[in-house]
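Shared chain: chain A. Partners: chain B in the first complex, chain C in the second.
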Partner chain A sequence: MLEINGMNFPLDRVYYTRDGAHIWLKQEDDLIKIGMDAFLVEYAGYLTFLTVNESRVKVGESIGSFESAKFVSRLYSPADGEIVAVNDEVIKNPRKINEAPYESWIFAVKADSAVLDGESEYLLDDEEKIVKWISEEIKKVEEDE
Partner chain B sequence: MKYYNLGEINWKQTQLIYHALAQLEMEGLVLDSPDSRYVSLGLHQDPRDEIDFEYCKDNDIGIFRREIGGGTVLLDSRQVFFNLILKRNRDGVSRVAENFFRKFLRPVTRALKELGMDAEYRPICDLVINEKKISGNGGGEIGYCRVLAGGIMLDFDREMMARALKCSGPLKQMYIEHMKINLTTVREELGYIPPKEKICSLLIEKFSELLGPMTEGTIDAAVFEKMKELDQHYSSDRWMYQRGVKQLGREIKVKEGVYLFYHAFAIPGGETGITFEISEERIEKISFDEPHNFHPILRNEMEKKIIGLNYDSRKIIDIVCTMIEKNNN
Partner chain C sequence: MSEKESPDYVQISTAAAMTLKIFPGRFNRGERLNALNLLVVYDDSCKGNCGYCGLSQSRDPDENTFIRVDWPIVSLEDILARTKKYGKHLGRVCVSMITHPRAFDDMCTIMSAFRDQTDLLISGLIAPTLIRSKEKVMKIKEAGADMVGIAVDAATQELFRKFRGEGVNGPHKWDQYWKVVEWSAECFGRGKAGIHLIVGLGETEKEIIAIIQKGEDLGAKTHLFSFYPEGGSSMSNWKQPSYGQYRRVQLARYLINSGIQRAEDMKFNDMGELVEYAGEDTPAGASHLPSGDLSSNVEKVIESGEAFMTSGCAGHDGVVACNRPYGNERPSRPIRNFAFLPEKSDIDSVRKQLVDYSGDFERSL
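Right after this comes the complex of A and B.
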């Protein structure tokens, strides 16, 4: 487990970074479970709504939305594939994500092709790269204050 | 950056314009007012839970479900809207909602001050004068843009706002009373309403100070075309009634930290409603629809246990349900 500024980043999964997505991906059998990372949860504040609207997803496309602090953000897919399961518990009560982001998967994708062993520049699993990425993200937020 | 000072326009266009600009990735500041009244719902709200359709139909109140956040609001020509559309990768456009609202509401605060009102920002996204809200705001991502949508209340029909909502009569009355205490308008602050042109000029001036010089823009054919396309989409039943997650109970927000929350609880032989009044994010008061449904001792216990708690609708429901269940055993 990696800890950066009080935020945890388990190393048993991969992080999707494109357009500030802050999504984690974890392979479980032939499915990839997807959720939000600690950075997103920390800076979004309490989640009040979460929706997943699509069933077929394409990498980088919006597949749903979430709301916190009267601001709607989009949820972007890190993979091409089919959504085969949505976690109703977190849809009904998105605060579960605030309480335990890495136990609260949002949806599971059956990817069209191998995602996690690919070469995408937007997928990070290396400790050093995650530290660099999160440190830069924190700096950006502080500069915007 | 361009500003679009559109004056009074068709009510639906006041929403379509900023959605279209954002979809087209065109940055800008839009200032306008609707020519007739309507209610605008947040993306995650369902009109079937929020709106009194019959009242809205009888009173020619239009309904629009927007792409961005926040609650249900009654909008009419006695408000000046400001919509700021910024590309999300633009320097200084924060991904943190509070930072975003704080920064981009500053010009509105300054415009209100110059008009003689001591407006202040209240997180997350209200502008208040003496703790009374004068401007409600919401935001969100539309396409590759981040959008701020807000309005300044020049005058406001609190009764119509309450009547347009779907909730019980007593709750509507309570809402009106809370709005009287917690909302204000330009007319109430100044005793008159300055010309909208003056307000818009000030907004353009203050936003220019923050974002750099602005030039006047006109809505071109491409934007009109996009608005037409979006109108079809946003007017469709598929969009309007896209069922989100059914919310527990009925929450009505008056201003930041002030809410009314109503829930019907199962009791032997039926159900009964309880209204919770929340101030500064804490439960301040409980009212029972039919007090006789609960023994006075149980009512007292509920009040003792719940009043003063931080507002979390799920926790409140859990506590009350447990107490009712325990009492029934």
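Right after this comes the complex of A and C.
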């Protein structure tokens, strides 16, 4: 487990970074479970609404949205494939994601091709790269404040 | 008795809690809160029973939002410490009473703590039902406030009685509220007292614009809110006012409070909807607001966007500090009170809303 500025980033999964997505991916058998990382949860605040609208997804495309009392954004897919499951518990109670972001997967994808093979520049699993990425993201937020 | 009561503890808005890093989160579109909103808190809560309010005695006890969001209870000591640490850009704090016998004294105690320990300007949102003399209003000033607000909320005496007074077995009286508005303007000075009005409680545009003018004539500016149905309240199934209705009232409020026009010079249709401003020609064949002639005063006001920003108490710079981002709508919906100067695309949208009398804008969402 990596801890950066009080935020945890477990190293048993991969992080999708494109366009500030802050999505984690974890392979479980032939499925990839997908959720929000600690940085995004901290940035968004206590979640109040979460939607997953699509069944076929393409990498980088919006598949739904999430909303807190004062913030709203789209949820992006890190893979091409088919959504085979949506976690109804977090759809009904999105605040579960605030309480345990890495136990609260949002949807599971059956990917069209291998995703977690280290080819994409937007997928990080290396500790050093994750530290660099999150540190830069924190700096951006601090500069905006 | 709980240990978490005022004056040692207060409730704080979600936006203020985020700003002081008590809650996580950022504001959509990079907005920033410029004033803290605090509320006195007691175990036995507010004695009012207002139909639309999240603090109402008769509300479903499982629901605990107020003005759409959570209000965590935090120690005053912690809030003061965090204000010093994280509140460099803040311009004001507003301490709100509720209708509770201890609320007045505790509000003053909390104000004095901010006066003594911070540079923030201080507002009091006061409960007229508990304020029976002008001397009591003066005590608020002595405690450190430079402005006061009175939440009249309902635009007519009948709606006030229906939703705040006898109609809900509530303690509030229309005449008492206006007496305190007068005392406040006298004690604090013209423009240093404000009235809160909520658009969408069943009033017509003509009625609420008339009451905005009444406030202005008494020396009180209007701080405008859009009704939002609080879950568990007796009005939880009500709709918000249309964007058209809200925009026209926002524009009229700005014109009146800026001294540009008076309510009696504006024209209304049979539905009480605002259709023409003083001295403004309507487009040929149309019976609604002009929409493109930048030579007119009203057009200049629309173009500037300021009329559609949040109205509230100002900071040291004279600009509204109490900007309440997303106080009246979810962030995924079009903004009703802009906490920042609207951009051109926002103004384009506002223009469409201003001339919408049939709810077309809502249907397009």
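Just so we're on the same page, the second predicted complex is superposed on the first by the 143 of 145 C-alpha atoms of A that agree within 3 Å, B and C clash if a C-alpha of one lies under 4 Å from a C-alpha of the other, contacts with A are read in each partner's own complex, and residues count from 1 in each chain.
By definition in this document, contacts are C-beta pairs under 8 Å (C-beta built on N, C-alpha and C of every residue); 3 or more make two chains touch, one makes a residue touch a chain.
It should be emphasised that the depicted structure is a prediction, and the values quoted were computed from it without experimental measurement.
Novice: Once both complexes are superposed via chain A, do chain B and chain C end up clashing or fitting?
Specialist: These partners clash in the superposed model.
Novice: After superposing on the shared chain, does chain C or chain B touch more chain A residues?
Specialist: Of the two chains, more chain A residues are contacted by B.
Novice: Look at A:D125 in the shared chain and tell me whether it touches chain B only, chain C only, both, or neither; answer first, second, both or neither.
Specialist: neither
Novice: Of the two partner chains, chain B (first) and chain C (second), which one does A:D144 touch, if any: first, second, both, or neither?
Specialist: It touches chain B and chain C both.
Novice: Have a look at where A:F49 lands relative to chain B and chain C in the superposition and call it first, second, both or neither.
Specialist: Both partners, chain B and chain C.
Novice: Let me test your reading of the model: by the given contact rule, A:D112 touches which partner, first (chain B), second (chain C), both or neither?
Specialist: It touches nothing on chain B or chain C.
Novice: Return first, second, both or neither, reflecting whether A:V41 touches chain B, chain C, both chains, or no partner chain.
Specialist: Touch status of A:V41: second partner only.
Novice: First (chain B), second (chain C), both or neither: which does A:N98 touch?
Specialist: The second partner, chain C, only.
Novice: Look at A:S68 in the shared chain and tell me whether it touches chain B only, chain C only, both, or neither; answer first, second, both or neither.
Specialist: Touch status of A:S68: both partners.
Novice: State whether A:D80 touches chain B only (first), chain C only (second), both chains, or neither.
Specialist: neither
Novice: For chain C, sort through 24-32, 78-86, 114-122 or 168-176 and name the stretch that clashes with chain B after the overlay.
Specialist: With chain A aligned, chain C clashes with chain B through residues 24-32.
Novice: With the touch criterion stated at the top, can you tell me which chain A residues are shared between the chain B interface and the chain C interface?
Specialist: Correct list for chain A: 43-45, 48-49, 65, 67-72, 141, 144.
Novice: Where on chain C does chain A make contact in their complex?
Specialist: For this pair, the touching residues of chain C are 14-15, 18, 23-28, 30-31, 68-70, 325-326, 330-332.
Novice: Mind listing the chain B positions that touch chain A in their complex?
Specialist: Touching chain A from chain B are residues 42-44, 67-71, 88-89, 92-101, 103, 124-125, 137-141, 242, 244-245, 314.
Novice: Residue numbers of chain A touching chain C in their complex, please.
Specialist: The touching residues are 41-46, 48-49, 65, 67-72, 98, 141, 144.
Novice: Show me the residue ranges of chain A that touch chain B in the complex, using the header's touch definition.
Specialist: Touching chain B: residues 19-20, 43-45, 48-51, 53, 65, 67-74, 91-93, 95, 140-141, 144-145 of chain A.
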